[in-house]
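Multiple structures are listed underneath, in structure tokens.
There are two complexes below, and they share chain A, which is joined by chain B in the first and by chain C in the second.
After this line comes the complex of A and B, so read on.
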């Protein structure tokens, strides 16, 4: 079983495909769910406080807008934990998104530069491409089984 | 309860959502998020025409569109995006313009960091709620009756007496005991006329001491300085329609307010560095042994490029100016360098945070220093800077203007 990071980090489709193959998806929703259940923090809606953009300084400099650093404080640790990654380029909002183009660029860069097995795909735009898209993801996930995430 | 629609690309990710909601609640308002579906985002963003990369900015555009199209019922809009994000700054300003051009709903914009505290948001929320609750007052373009405006600032207390749309009396005093300074200023204003307290139709107060003074004098209008100063400035500059920027470089703090049709829609305030304030010019005039009123014309006759000024700091900057004088530099060049130093620091600390809209109306005591006005214009690439009459009394003029029509003291007496 391999921990797989995804981009977009909250894509339900990618998460489902990964879990079906028995791997662990490093999804944004799981990280957020831990935050919102923390009884010690009361900063609705997502319990992100002013401390979180400071934690994001590990991934982006102080001159980077606070919204990017706040997002990276949640996404960054997922990337750190990743043993494999699937990146989908040019996906529409409904497929998953974190709202900020600068965070998107940084997230993809951090995943690409990590020395782990990676699969980067274009978002499919028709039926054939979609079959191919899912086939490639499944094949990649099977490879991870064989390689054990190395 | 006043409903304020939050149109933002992610205040919740910067850890300031709670602060925004707290600030709104303080002024009897609640924050609402315009609900829209995915298809509407695509549709409205295409209609709007700005190709933003960030999906939250597309959402921001769609939320603004839903307000304009009446899908979301909001009394006011708070448009916010991260400080230092170029894409968000572009969208924020275009969304603001779009809302103002297509609706009568008041808008305030803000660029935030994670360190934004509720008190920084208070004055914006107060101004928004005021604009909603007192739209008819802010729509006033002409002064009527006999009204008194009092601006109790941290350094000085300004008093203005107005009648028939004209200033007929002025008062100006250092703020010591709050009420004593008011009475002294009012005496000065009345002294220029035959009127007294009993002849007034209404009293308006603004500034730090506005509530204390307002209660003591039973003022008909007690108003925060953001709305009042903006209104006073556009009234005196005769720019009540369209856009403008109001700049007040004060003795202790600086304010920059952007205005649309006389109503403020963004604001920035600084007060952490004396080198960016009128105090720097006050110290320069003392070092040059000239009266502060002579500093402006002296600066205009000089050239700042001939004076070495390596620091903006009130301590080290003044030392640099003294060194220039010791090396045989002229007083005029030093005066000009001091004006440029303040203008450049105001630009770097504050003006970059806000979308400057022409004309720039410079107000406050420092607007009387012509060298500083010229330096501000030069720093902003030769922008048109207007210094209206009574610019040093701007808050008091705004208060006297806005209270007219509210005061019924003379009618009450007859009744």
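After this line comes the complex of A and C, so read on.
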């Protein structure tokens, strides 16, 4: 079982395909779930703790907008944990936590520079491309089984 | 007076447990089961979970091991058209519930965007096949110059 990071980090299709193959998906929702249900953090709605800016500074410099550092404090630890990655370019998804283009660029950069098995695809726009998309992801996940994530 | 969109939630002891998991079950457009069927099926499993019937399928929450058992069981009803995704906020959380936000939560728009390819994803899982995709190539520069010259000549004449 390999921990697979995904981009977009909250994708339904990618998360589902990875879990079908028995791997662990490093989804953004799981990280957010811990934050929004933490009794230590005062609501509303998702206040940060003093540790979060420090975590964010590991991935982005102090001059970088605070929104990027705040988002990276959640997404960054997922990238650190990753043993494999699937990156989807041109995904028509940019809502909520991932609605920041600069964070998305930084996330993809961090995933690309990491020395782990990676699969980079384009988001499908028609039926044939979807078949190709699913086939490539499944083949990649099967190779992870053989390699054991190395 | 503007609406309060940042309401403090009153989470239960169970919801504050780190082992508490929330999953969404999303039916693809070609699903052979209804939302009603999957909700009834999960209730019949007699597991200590909370099931909420939603427009996209169902939302199930509880201890991770129980939720995963329920998901694996419900997936058997239509393995290629039932998709699942984890969710951050507990069901009915006022910070995300549309009843308090005066509109759909952000995650709903994302689900709507990805829902468009779910039917083809289900087909690809059921009948995988290798597809050759030819991407359109950019027009050659010499060819473009020829086309421009031809159109200029046609305009002149």
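Please note the rule applied: the second predicted complex is superposed on the first by the 138 of 150 C-alpha atoms of A that agree within 3 Å, B and C clash if a C-alpha of one lies under 4 Å from a C-alpha of the other, contacts with A are read in each partner's own complex, and residues count from 1 in each chain.
Assume a contact is a pair of C-beta atoms (placed from the backbone, for glycine too) under 8 Å apart; a residue touches a chain by one contact, two chains touch by 3 or more.
Every value quoted in this text rests on a predicted model; they were computed, and no experiment measured them.
Asker: Determine, under the contact definition given at the top, whether A:16 touches first (chain B), second (chain C), both, or neither.
Answerer: Once the two structures are laid over each other on A, A:16 reaches chain C alone.
Asker: When the two structures are overlaid on chain A, which partner does A:124 contact: first (chain B), second (chain C), both, or neither?
Answerer: second
Asker: So, A:37: does it touch chain B (first), chain C (second), both, or neither?
Answerer: Touch status of A:37: second partner only.
Asker: For A:134, is the partner it touches chain B (first), chain C (second), both, or none of the two (neither)?
Answerer: Once the two structures are laid over each other on A, A:134 reaches chain C alone.
Asker: Which partner, chain B or chain C, touches the larger number of chain A residues?
Answerer: Of chain B and chain C, the partner in contact with more residues of chain A is C.
Asker: Once the complexes are superposed, what residues of chain A are shared between the chain B interface and the chain C interface?
Answerer: Residues 43-45, 93, 97, 99 of chain A touch both chain B and chain C.
Asker: Okay, in this complex, where on chain B does chain A touch?
Answerer: Residue list for chain B touching chain A: 9-10, 12-18, 38, 41, 52-59, 81-85, 87-88, 112-115.
Asker: Sort out for me which residues of chain A touch chain B in the complex.
Answerer: 42-46, 48-54, 63-71, 93-94, 97, 99-102, 104
Asker: Show which residues of chain A lie in contact with chain C when the two form their complex.
Answerer: Those residues of chain A that touch chain C are 10-13, 15-17, 19-20, 27-30, 32-37, 39, 43-45, 92-93, 95-97, 99, 124, 127-135, 138.
Asker: For the complex, give me every residue of chain C touching chain A.
Answerer: Within the complex, chain C touches chain A at residues 6-9, 11, 15-16, 18, 20-22, 26, 83-90, 93, 95, 105-107, 109-111, 113-114, 117-118, 120-121, 123-125, 128-131, 133.
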